[in-house]
Amino acid sequence: MKHEPVYYGEYLKLDQILNAQQLKSKQHGEEAHDETLFIIIHQTYELWFKQIIHEVDSIYKLLNTDKVKPTSLGTVNHRLNRVVEIQRILVDQLGIMETMTPLDFMDFRDYLVPASGFQSIQFRTVEVKLGLRQKYRLGIDKKYFNSRLSEKDKQFLIELEEKPTLLELLDSWLARMPFAKQEGYNFWEEYKIATTNMLDNDQKIIEANTTLGPQEREFELRNLQSTRLNFESLFNPEKHKELMDQGKVRLSMDSIRAAIFIRLFRDEPIFQIPNRMLDLLTDIDEQFTNWRDRHAIMVHRMLGTKIGTGGSSGHEYLKNSSDNNRVFTDLFNLATFLIPRSHVPKLPEQIRAELGFVFE
Amino acid sequence: MKHEPVYYGEYLKLDQILNAQQLKSKQHGEEAHDETLFIIIHQTYELWFKQIIHEVDSIYKLLNTDKVKPTSLGTVNHRLNRVVEIQRILVDQLGIMETMTPLDFMDFRDYLVPASGFQSIQFRTVEVKLGLRQKYRLGIDKKYFNSRLSEKDKQFLIELEEKPTLLELLDSWLARMPFAKQEGYNFWEEYKIATTNMLDNDQKIIEANTTLGPQEREFELRNLQSTRLNFESLFNPEKHKELMDQGKVRLSMDSIRAAIFIRLFRDEPIFQIPNRMLDLLTDIDEQFTNWRDRHAIMVHRMLGTKIGTGGSSGHEYLKNSSDNNRVFTDLFNLATFLIPRSHVPKLPEQIRAELGFVFE
Amino acid sequence: MKHEPVYYGEYLKLDQILNAQQLKSKQHGEEAHDETLFIIIHQTYELWFKQIIHEVDSIYKLLNTDKVKPTSLGTVNHRLNRVVEIQRILVDQLGIMETMTPLDFMDFRDYLVPASGFQSIQFRTVEVKLGLRQKYRLGIDKKYFNSRLSEKDKQFLIELEEKPTLLELLDSWLARMPFAKQEGYNFWEEYKIATTNMLDNDQKIIEANTTLGPQEREFELRNLQSTRLNFESLFNPEKHKELMDQGKVRLSMDSIRAAIFIRLFRDEPIFQIPNRMLDLLTDIDEQFTNWRDRHAIMVHRMLGTKIGTGGSSGHEYLKNSSDNNRVFTDLFNLATFLIPRSHVPKLPEQIRAELGFVFE
Amino acid sequence: MKHEPVYYGEYLKLDQILNAQQLKSKQHGEEAHDETLFIIIHQTYELWFKQIIHEVDSIYKLLNTDKVKPTSLGTVNHRLNRVVEIQRILVDQLGIMETMTPLDFMDFRDYLVPASGFQSIQFRTVEVKLGLRQKYRLGIDKKYFNSRLSEKDKQFLIELEEKPTLLELLDSWLARMPFAKQEGYNFWEEYKIATTNMLDNDQKIIEANTTLGPQEREFELRNLQSTRLNFESLFNPEKHKELMDQGKVRLSMDSIRAAIFIRLFRDEPIFQIPNRMLDLLTDIDEQFTNWRDRHAIMVHRMLGTKIGTGGSSGHEYLKNSSDNNRVFTDLFNLATFLIPRSHVPKLPEQIRAELGFVFE
């Protein structure tokens, strides 16, 4: 051995970890049995948040460059996947919290006023680093962001907003993707023709279908029209800008196109890893949404229609913020722009060759 | 052996089960690899729905009487718990569905029009049997209920609405609970005094607290006022009726009181089983909500902003119905009416004696 | 507010918790990215172990008496169930650990020698408190118990062995159960007759069955004989003592009988809660077994056939200890002694009356 | 619409699926409530087995060639991952089965004799297709394989043994991998030197360490010696053959080397996908092991020490087969042969270039 012998409990600083549960109920009166659970589960959440930040920071470093190394991509995916595995536990862990009944919670709840989960700086940090900037938050969410935090914590978060987010790094990386447009070839012109043909054809079928009643025909045609409008934002920069201004889209038009291109040609060797990266980022957004939804219903169970210890309006608010606080919605919406494989324009051989490498 | 020897595959009718996957893609053109998954996962859902109905029906029989047998309650809980275990799987199973990408789905999606998950009669049956009557559904939900089903299926569901629901059986059973009101004693009068005292005291503290700014004081007082209003519905039959008419409450005032009484005195031997029954019914509602939430986001991932194969508006609709279609919201809201154990009026000895039995 | 305002991060002592990750790799050379994960996941395990000990201690207090209060049983079950929920997470959390590859582990593994999970005093504590006394451990397990621990830790565990275990408290409580034997009535005499009749009848059927070949008949008769031997230990104290001396049984004959009685008459109001207690203790044993099995395979994946950092022989050892270190095996084995409900002797009315209470 | 309208229930053949639960208890006497669960859960297992076979067959087709297309690898991984997601559910689903108590099982158990899970042809098929050939099975397992099946089923499985297994296809594919050996360069010679140096150095350190007692020194040296022996099988074809003959290794020496090479250079673009393939195959093996372990303990709970309906010896047997029936043990054992990244020989530039492609 080349170093001092290591002892399990010292290495893990268990003295520090296992003595960090100071019950307010004990301090003010009789020990409330469940306060220990309440503290410990929050501490495990914070430990996992630290781990998620550790992973996100490392991914961030690999992507925060004008030239992402191809050897980095596997690492990025590996760590994104770890984040997803951690999130699975964060969601399932709520089941432990739910073994605390409202009556048991009331044994110590009043002692905690006005502390609130809103004050978890690490959770905020994860949100911001992924891409949930102030401007995207709901009003009430912004308000808490501003009013419930210590000066130091507020300052920390304000500085965090200075840096690019993971969403923005993804945006830059995708926008740089070559392939689709090359001299003498523009995939998107062909894609526009393919989608227009497909939709025109669908329209003819609907109009010729004599088994449809007038209401049904109108319904079908309306659907078709709405699909046409969706596709417009893919080919028309102004339409895309409009959606961006409305906050409905966050990725640039070039990035969305690149992401669609990856989705369509995911089997090409060069896209297999980027395709999985898109999957994993979608997973991360989905898992946080699961967490928010389950957290909202857990709070309902615990408090009924009461407000939270920090004065938050509880269940209703949490439910609303669940859908609003998603970061990678654009990746979910990619499905809107896909067409059946049989209708996708074939790539020129020269481009396909660039997308491959050989190990048979 | 007293019977013909049984063979695994025959007992399980595997010929029937494993030959029930007829791919539309194969029928109309080229086999789409993922259509098998799509069919099989839906079939497992339907098998589990059948099992849930089997359990709910058996619970229903045990509770659908003027005198529930004490020996039945353990069975009721045991089977409610089984439903919850099944629901855990129904939720987690969505993870398998999500391994189907939008592009793969498009290989066969068009062939399925206009079929839709809305047409799952068993899922509707579970909803109705638990207590989600037509009148509680969202408009669009009602519409689909009426328009997308075969005559036979529609008729089946209409007849189902004739029978009492599990929520209603629970309502009757709770309303019959004795104990709280006996000659010369009314727990609820004491509870009203206790809660009023508690709230008055809180008010004095807020008003006397010189560290609060005027805004904060006003905020605290507003909260207090809202809590007072909540409690009113517990003591004032007209206020309760009002909430019922607005659809905000579904259980009778007597039932809600009985449920609160059980929650407060859950440790008394006679209430340990009923208390767990309330927990399990809450779990069931929560799990279906989890399922709806996760289903909504899965659909978003699969379709983006497209509409569903049955013409449903997809993600947005599903998200809204998740909160609306809950059945046992009143059980979640019980937390509203609980007060710290130290403030709960003590029960007269004579009543406590009735709540106990001895096996030390 | 009646106390100093509470701030989330201070309440949870996050300074202490989030600064307890000191990387050995950083100390000795280059930071290994995955060492943070390695530390954090172990810290969450230790936090959960603390919570489990908190629950087990509180259950322990409720049961460590000559007269267990009927009002305590609901609490016991509630907290046992919480332990099970925590265990589910402990098992699933291994999935996070498995995102660390062997190659990444090797970046810091050597720095940790000779620390080892064997040195987790809290894990040992849980084992011992549940009932895994020194005498039940495998040889190698005992050896590590003695040699790898600091003097202080060793002393702590030695003292722990002085106190009764949860298994032993359960044993006393079950053994005190009345009901089965009362003046003029002994259930077990009737049960012996019922089981003997059933087995005699089975034997006649086998012997009369002309469709069985000689080998099959012999096989069936051998099975029957083995079942007879099993039942013997239930009626014959010497046979039971023999099994106890061999370490195959840990509960007394009276306790096993009481547990069977509870299982057979679980629907009687007085047994519904004790029956669930038996279920939950079985669950706890099962979950620890799941954890040990999954941990063993995870270690195989991480180390291959290498030995652990503490010099333990890894996968092979862990696999063996999984089955050996179970505590409530007797509860699993109860199934051996059950007979179909239709064959169970009816209880005299007078006894049944004692088992009930009324809330219809 | 270009086809007949599709109706949910017809598409899924629900008539067929939902009428395939024929209770033996009902046929022979009184309906046993839990027999429905017993049938339905087995049917969902069989549906999922069908899906797993569907995926394995498709992967099989992509790999069963002398030249695996690079565009296939993403598909292979995607589908392996789906199998893992299904397996997670197969494991967790056992929790539903466990809501059936031994007493409830006894209400219909005797009617099922001599049917047995051993007769699940699909489960056998999955095992064989992955690589669990007859020759690798335990004696008792072989016996059941031969004696409990209908002629038709037996014949089916015998024919299955004629075809290469997934393990064998993997073996061929890995063995074909170029890169490590090229004109003028042999990575394995350098690796042998690196590992030998590392081990020699370790030995010197141990021998020079004056703080070690004689027993400890001997122990450390023995460990080192055992590591040396492990490495020998990597460099010495005869040693490898010896292990193969003992059934301890199933992959060829070339394949194991290729797998190690992938593990060591997993960040190179060309290896990112193959590296994940190795992970996923390991996951699949691990999940089946989890399933077997949890199944064994579930059976213990249900039957105690009784034998199974098919006469199998139950828990003991199942526990033993869990470790024996693993298929990809060699992938777990890869960890044995890895050395810290800092000691791994650098690859010549010319080879590294072949491993990369550019999309920065």
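Order of writing sets the chain letters: A, B, C and D. Residues in each chain are counted from 1.
One rule holds for everything that comes next: a contact is a pair of C-beta atoms (placed from the backbone, for glycine too) under 8 Å apart; a residue touches a chain by one contact, two chains touch by 3 or more.
The structure presented is a predicted model; accordingly, all values stated were derived computationally and were not measured.
Where subunit B touches subunit C, over half of the residue numbers in use are shared by the two copies, so each contributes mostly the same positions.
Across C-D and B-D, it is B-D that has more C-beta pairs touching. Centroids built from CA atoms put subunit C at 32 Å from subunit B. Rounded to whole angstrom units, the spacing between the C-alpha centres of subunit C and subunit D is 28.
Measuring from the averaged C-alpha position of subunit B to that of subunit D gives a distance of 39 Å.
Residue positions of subunit C touching 2 or more other chains, listed in rising order: 1-2, 110, 266. Within the complex, the subunit A residues that touch subunit C are 1-3, 5-9, 11-14, 16-22, 24, 28, 33, 36-37, 39-44, 46-48, 50-51, 54, 58, 78, 81-82, 85-86, 88-89, 92-93, 95-96, 99, 110-122, 150, 153. Every residue of subunit D that touches subunit A in the complex is listed here, in rising order: 1-2, 67-75, 77, 176-178, 205, 209, 266-270, 272-275, 356-360. Taken together, the subunit C residues at the contact with subunit D in this complex read 101-103, 106-107, 110, 219, 223, 226-227, 230, 263-264, 266, 282, 286, 289-290, 293-294, 297, 300-307, 311, 319, 322-323, 332-341.
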